[in-house]
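Read from first to last, the chains carry the letters A, B, C and D; within each, the first residue is number 1.
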Amino acid sequence: MGSSSGLLFKVTTFGESHGPAIGAIVEGCPSQLELDLALLQSDLDRRRPGQSHLTTSRNEGDQLEILSGLFEGQTTGTPIALLIKNKDARSRNYDSVKNLYRPGHGDASYIARYGIRDYRGGGRASARETAARVAAAGIARQYLKKQFGIEVLAWVDQVYTDRAQVDRASVSRAQVDAQLTRCPDPKAAQRFETLITQAKKEGDTLGGIITGVARNVPAGWGDPVFDKLEADLAKACLSLPACKGFEIGSGFAGVELKGSEHNDAWQAPVNPMSMPIATSNRAGGVLAGISTGAPLEIRCAFKPVSTHFKTQKTVNTEGENIEFKNEGRHDPCVLPRAVPLVEAAMLLTLMDHALRTRALGLSRN
Amino acid sequence: MGSSSGLLFKVTTFGESHGPAIGAIVEGCPSQLELDLALLQSDLDRRRPGQSHLTTSRNEGDQLEILSGLFEGQTTGTPIALLIKNKDARSRNYDSVKNLYRPGHGDASYIARYGIRDYRGGGRASARETAARVAAAGIARQYLKKQFGIEVLAWVDQVYTDRAQVDRASVSRAQVDAQLTRCPDPKAAQRFETLITQAKKEGDTLGGIITGVARNVPAGWGDPVFDKLEADLAKACLSLPACKGFEIGSGFAGVELKGSEHNDAWQAPVNPMSMPIATSNRAGGVLAGISTGAPLEIRCAFKPVSTHFKTQKTVNTEGENIEFKNEGRHDPCVLPRAVPLVEAAMLLTLMDHALRTRALGLSRN
Amino acid sequence: MGSSSGLLFKVTTFGESHGPAIGAIVEGCPSQLELDLALLQSDLDRRRPGQSHLTTSRNEGDQLEILSGLFEGQTTGTPIALLIKNKDARSRNYDSVKNLYRPGHGDASYIARYGIRDYRGGGRASARETAARVAAAGIARQYLKKQFGIEVLAWVDQVYTDRAQVDRASVSRAQVDAQLTRCPDPKAAQRFETLITQAKKEGDTLGGIITGVARNVPAGWGDPVFDKLEADLAKACLSLPACKGFEIGSGFAGVELKGSEHNDAWQAPVNPMSMPIATSNRAGGVLAGISTGAPLEIRCAFKPVSTHFKTQKTVNTEGENIEFKNEGRHDPCVLPRAVPLVEAAMLLTLMDHALRTRALGLSRN
Amino acid sequence: MGSSSGLLFKVTTFGESHGPAIGAIVEGCPSQLELDLALLQSDLDRRRPGQSHLTTSRNEGDQLEILSGLFEGQTTGTPIALLIKNKDARSRNYDSVKNLYRPGHGDASYIARYGIRDYRGGGRASARETAARVAAAGIARQYLKKQFGIEVLAWVDQVYTDRAQVDRASVSRAQVDAQLTRCPDPKAAQRFETLITQAKKEGDTLGGIITGVARNVPAGWGDPVFDKLEADLAKACLSLPACKGFEIGSGFAGVELKGSEHNDAWQAPVNPMSMPIATSNRAGGVLAGISTGAPLEIRCAFKPVSTHFKTQKTVNTEGENIEFKNEGRHDPCVLPRAVPLVEAAMLLTLMDHALRTRALGLSRN
C-alpha cells in the first residue's frame, strides 16, 4: 500500500535516501515502444542534486539502469524495473538527528505510524524517492508524446512573495531550462536567484509556486465520479514532498468571479463532429472531471524547505524539550528541482488515464 | 472504474439525476457497529435540495433505504447497500439542452468520453450523485466518532470576494447549522445571504471557499509515498463537483513564509512516550504524508455555479454556434449545500486510512 | 473488500438471503451497448429457484430492475445498478438454526470473522447472492457476443459417481437447456434425474462436476504472471458456493501423460500472420497464462449440498455438543442451477480481460 | 497489471530469464519484523536450479539482495525491494527458438498479446520469475510463523501415475527435504526418482501433484463473496507455471460422496467461546470462504514439462509447418522444485488475508 500509483500504468517505487538504491517497477507500459534512454536520463538529470549553486551539494549522478521489460530497445509489455544506485550517501554520523524529531519533517509521524524510522537522510521520507517517479514518468512522457503529441511542461511561477509573468500558451521547455531557477520569465528568474541566494546566506529557506501545463491532451480523459482527471492530478501533486496546495484552471482566484464571468464559452469547431472549442480556459482543461481538449493548467504550492539552519525548538525521543540546529547539505529552495516532479505527477496521471480511456473502447479513443 | 473510492472502506456509487434512484454499496465497514439511522438521515438532510430560499427548489426527501449489511441494528461486515429514490425528477421537456453543450458543464466532455449522455438534469454529472457519498460518509462518521472520537466539521468561509472570520479551534457544528449559509460567523453569514440573494435576483451565481477540520485524528494515519493523507484528501475534494482548488494547512499562503517562520515547533508531550505536540499548525495536521495528531485543516475552492440565467454563447450538437439561456431549478450558490460534501470527502478518506492503519498491526494503532 | 470482482469490468454485489433485496453495481461497461433486457432476465431465470421438482421450492421471480447506467436502451458508460427484490423470504421461525453451527455451512466461520451473522436463510453466505453475479454476467455475455462472437456454455458432466458423455466441440445451449438436469447427454440426464430424485427421497444430497467452454476467445487475453487467464478463471470458480476444485484443459488427468504426449502440436494457420492452430487442446485454451485462440475448457467440482435432512452431530452457540436435523426448502443437488454460475464466472473473467487487453493498445486487440 | 499480487501485502515482480536480474517489491510488510536473512536465502535455495541430477544444470546461486525497507535488521514498514541477479544466463545462440513457436510454451500467445517477445530462455514466461515470488513469500513465512505460529508445508504427492502415501497431519519439512524428490514417503520418493531418471534418459518429461497444508491458520480469514480464501488460493496456484488444476479438501473426489458423508461434524471446543472443532477435514479448512481453524489442505496438478527432447510438429514465425527439437538445460520434472512455489502461493495468500482480517478490527483478530 502507499507506494503504488495508477490503475493500469502502475508505478511502484522503493528506496531510502541512504540505502543501497532507489527505483521503481513500471507495469502496464504498452509494448513495442522504442525507448530513448538518453532522453530518460535527461529527465533524471533535471531533478538530480548538485546541479547548481542554488541546490544541495549532494552529488548523485542518478544513473538509470533498466533491469527488465526492454528487449532490443523496445518495451515488451512486461514490467520495467528501474534502478538508481545511491552513490554519495555519506556514512556520516547521524547522532545529531537520530534522537530527536525535526520540526517540519516526518520524523515523529513516521514513528507514530511504523514505530521505527531510518533516520539517515530522512529515509523513505526524503525527496530522494522522487527520482524513481521521475524515471517512471519519463517513460510515460515518451509514450504520450509519440501516441498523442502530448507535451507536459512546468515552471517556477513564484518564489516567496515574488511572482513571474509567463505566457502559459507559448512558454517552452527551452525557455524554462535556460534559467537555473527554471522560471522562464528571465527578469523574474534573476530576482528569484537573488532571493534564493540571500535566503541561503541567512541560513533560511523559501517556498513558491509551480505552474504546469499539458498540451494536446485529447478530450474525453478522466473517470467520474471519484477518479476525475483533476482529482487524480491533485492527488499526484499533493503526494509530492512539501506540496501544500493544488488548483486547476481558475482555482482559488476563480471564486471571486460570477458564474456569468467564469464559464468558458464554446465555439464551433472546424469539423462539426469534433469537440467544441473553449474560447477561454478558466476550466483549466477539464469539465465534470473529463478533459475538454483545452490545455490542462494546474498550480502547486510548495512550502519553504523544512531544513533551515536557524535554531529551533523541538523535542527529543525521550520526550524532552530541546533546542536544535540543522547541519549538512540541503536546498535553500526546492522549486527549481521540483519542476520535474510536477511534470512527473502530471505525466503519470495522464498515462494512466490514457490507458483507462482506451479500455473503454470508444472508437475515437 | 471511477465510481469507487477507497481501498478498504470501499464506496461504489451509482445513479443519474433523473433515473429511478441513486445509491451506493459500502464495503469494508467493520461489523458490530450499531448504526444510528436517524443520524444517517440527518446527514442527508443537510445536503438535500429545497432546504431554504437560497437553494434549488427541487424537492427531494432523500429518504435513505438500507438494503443489506445490517442485522438487528448492527452492521454485519457484509456490503451495505444504500438506496435513495429520485422522487421529484420532473418529466419535463429537455429539448432545450438535449441538442447543445452547456458552457461550464460536462455535456461535451461526456460525449467525448462515452459517445452518449443522459442529458436529463445533467445525468451522472449532476451533483445529485453526491447524496450517495454523503450517505456512505455518514456511516464513516459514526464509526470514527465512536472508535476514535473523531469530529469532522466544515463551513463556508468565503462567498465571492467576502470572507468570514472563524476560529478554527472552537467552531462547532451547531454554530454552522444555525446559519442558512452554513457560515458560523453570524455577521458574514448575513452578508453572504445578501450576496447570494442578490446574485439570484440578477440570474447570476457565486462560488466560494469551504474550510474543513478533523479533530482527534490519531497520529500515524497516511500512506507514503503516493497515498499520503493530504494526497487522498485532495483527491476526495477535487472529485467534488465544481471544486477547483485544495490546500492543507498554510496552503498557498504558506509560500510567502520563510522556512524559519513556517515550521511548527514541537513541544514535549505530558506523557514522554506520546507524540510531541505542535505549538502551531501551519502543517495542517500532516507531516510527510502522515497525521501528527494536530487537527487536519483543509480549504476547498468552489467555482460559481455553471448554471446561471444570462445568455451564453455556445455550440449545438450539429457543431453550430448558437446563443443559449438556462431554465429550471438551480442553486445560485452551492456553498451551503457543499459543506456536507467536504465533510464527506474527509470522512471517507479518514475511514479508509483508519482501516489501512489498523492493517499494519502496530500495537498503538 | 471481498464483494468486488474485476479490475476494469468491476462488479460489486450486495445482499442477504432474507434481506429486502440483492443486487450489484457494474462499473466499466463500455458505453453504447444496446442491452437486451429480456435476454438478461432469461439468464436469471436459468438460475432462479423453483424451476423444477429437482430444485428448492422457494419461489423467487428474480425480476431484474436496472436503476442506472442505461439511457434509451443503451449503456452510458456510467455504473449500472442491478436490483433483485427478495419476495419469498418467509418470515418463519429461525430458532432451529439461530443458536447452533450447521455442519458444512459458514455459520461458525462467519462468527469467527465478523462476530455476528444474519442467520436467516444463510444470510450473505446463501447461494442467493449469486443471482447478482448472474445478472452482471448477463451484460458481459451480450458484450462479448456482440464484440467478439464469444460463446460461453456450461453443463452438468457428472453427478455423484455417474459421468456423462458430451462432445465439447459441438454441444449447444439448446441441448443443455433441453434437460432439467442441464446435462446435454440425454441418457446421462435421465440417470442424473433418477439419482437426484432418489437422494431427495433419502433426505440426502449429491454433488458433481460442471464443464464450461468459451468459444471464439481471441488469442492474447490474460495477464502474466499473477493474473493469468486460468488463474482468474480459477478464482472466479472457487468463489462459487460449494466449489471445491478447478481444472483447465487436461487438468488433474494431464499429470498422467508424458510431455511428449501432452504438448499440443501447432499447425500453420491459413493466414501466415495469424496465430498458429493447436491440433489438440490439452492446454485448455491457454499457454503461459494467455489465451491461444483455442476454446477455453474448464471443469469445476461441487461438493454435495451441505443441507441434507439426516441427523448430524454439531455444537450450539453455547459450545455444547448437540444433535441437529435440517428443515425447510433446499436443493438436493445444486448442479443444474450451478450451470449459469460457472458461465457467470467465465463471463466476468473474460469481460475484464477483454477490457484489460484493449488497454494495452496492440493494434490487433 | 498482472505482475502484482495482494491487496495489502502487495508483491510486484519483474524480470526475464536472461535479463540482468529478477526481483520484487514487497509493500505492506508490517514494521519492526526482525528478518532472518539466512532463512530467506534458504527458501530460495530450495527453488534454485542445479540442486541435483534431477533438475536443470543451469547454475544460479540466486543470491538475494535487499535494497530497501530494512534498517538495523528490522522492517521499517516501507517497500522492501528484493533483487536476484541472473548469473548463468549463457550468451548462447537463440536462433533455434527465435523464429518458431514451441508447443506447450507461451511463445505464440505472448506474441498475440504483446506483438514482441524476449525469446531468450523463455523471457518473462520462464519459471525463473518464480524466484522473486519465493523470496517475497519467505518474508511472509517469517511473519506468519512469528505472529500466528502458522506453518506452511508442501510436498510431491504424485509423479506421473505413481502416488505416495503421506500422513498430512504429521508430515514435516525435514521429512520432505530429506528426499531429492521432496516426497516424504521414502519408498515413493525412491520410485519417483527412478521415474524421473528414466524420463530424462528418454528425453521425455513428467508432471505430477503437489499437496500443500497450512497449519495453525486462525479461524476467520477469507473475504466472501469473491475473495474467499479458497478462491485466492486457487488463483495463486493457477498462476504458477504449468499448474493446470487445484482442489481444496475433498476436491474432485468429494463429488462422489453424499452430503451426509461429506459434512464434517462439529465437536465442542474446550473453551465454549472458541470455534467448534471439526472432527474430519473434507472441507480442507474453509467453509463459505472463511478459514475454520482446521488445517488448510490443497492439491495442485502440474502438467509434464513442455520442454522435452523429442521431435515435435510446430510452426515458425513465417507461418510455415516445421519440425523442431529442443536443446539446452531443462528439468525433466519440475515437481521437486515446484514444492517451494506452492508454499509461496499459500504464504502470499495467507499473508494478505492476515492483514485484511486485521483491518476489520474484530477484537479476536
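Following the convention adopted for this analysis, a contact is a pair of C-beta atoms (placed from the backbone, for glycine too) under 8 Å apart; a residue touches a chain by one contact, two chains touch by 3 or more.
Note that the structure is a prediction, hence the values are computed from the model and not measured.
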Message = So, comparing C-alpha centroids, which chain is the farthest one from subunit D?
response = B
Task = Check A-D against A-C and say which one is joined by more contacting C-beta pairs.
result = A-D
Request  = Over half of the contact pairs shared by residue number: find the pair among C-D, A-D or A-B that meets that against B-C.
outcome  = A-D
Request  = Go ahead and note the Å separation of the Cα centroids belonging to subunit A and subunit B.
outcome  = 26
Whole-Å gap separating subunit A and subunit C, where each centre is the average of the chain's CA atoms = 45
Approximate Å spacing (C-alpha centroids) for the pair subunit A, subunit D = 39
Note = Touching two or more other chains in subunit D are residues 1-4, 7-8, 13, 28, 31-32, 77-78, 113-115, 124, 224, 356, 359-360, 362
Remark   = subunit A contacts subunit C in the complex at 7-8, 28, 30-32, 77-78, 147, 224, 355-356, 358-362
Subunit B contact footprint on subunit C (complex, rising order) = 1-4, 8, 10, 12-16, 19-23, 25, 27-28, 31-32, 65, 67-69, 71, 74, 76-81, 113-118, 123-124
Task = Using the touch rule from the top, collect the residues of subunit D that touch subunit C in their complex.
result = 1-5, 7, 13, 101, 103-106, 108-115, 124-125, 129, 158, 160-161, 199, 204-209, 218-228, 230-239, 241, 243-252, 254-269, 271-276, 279, 282-284, 286-293, 301-308, 310, 312-315, 318-321, 356-357, 359-360, 362-364
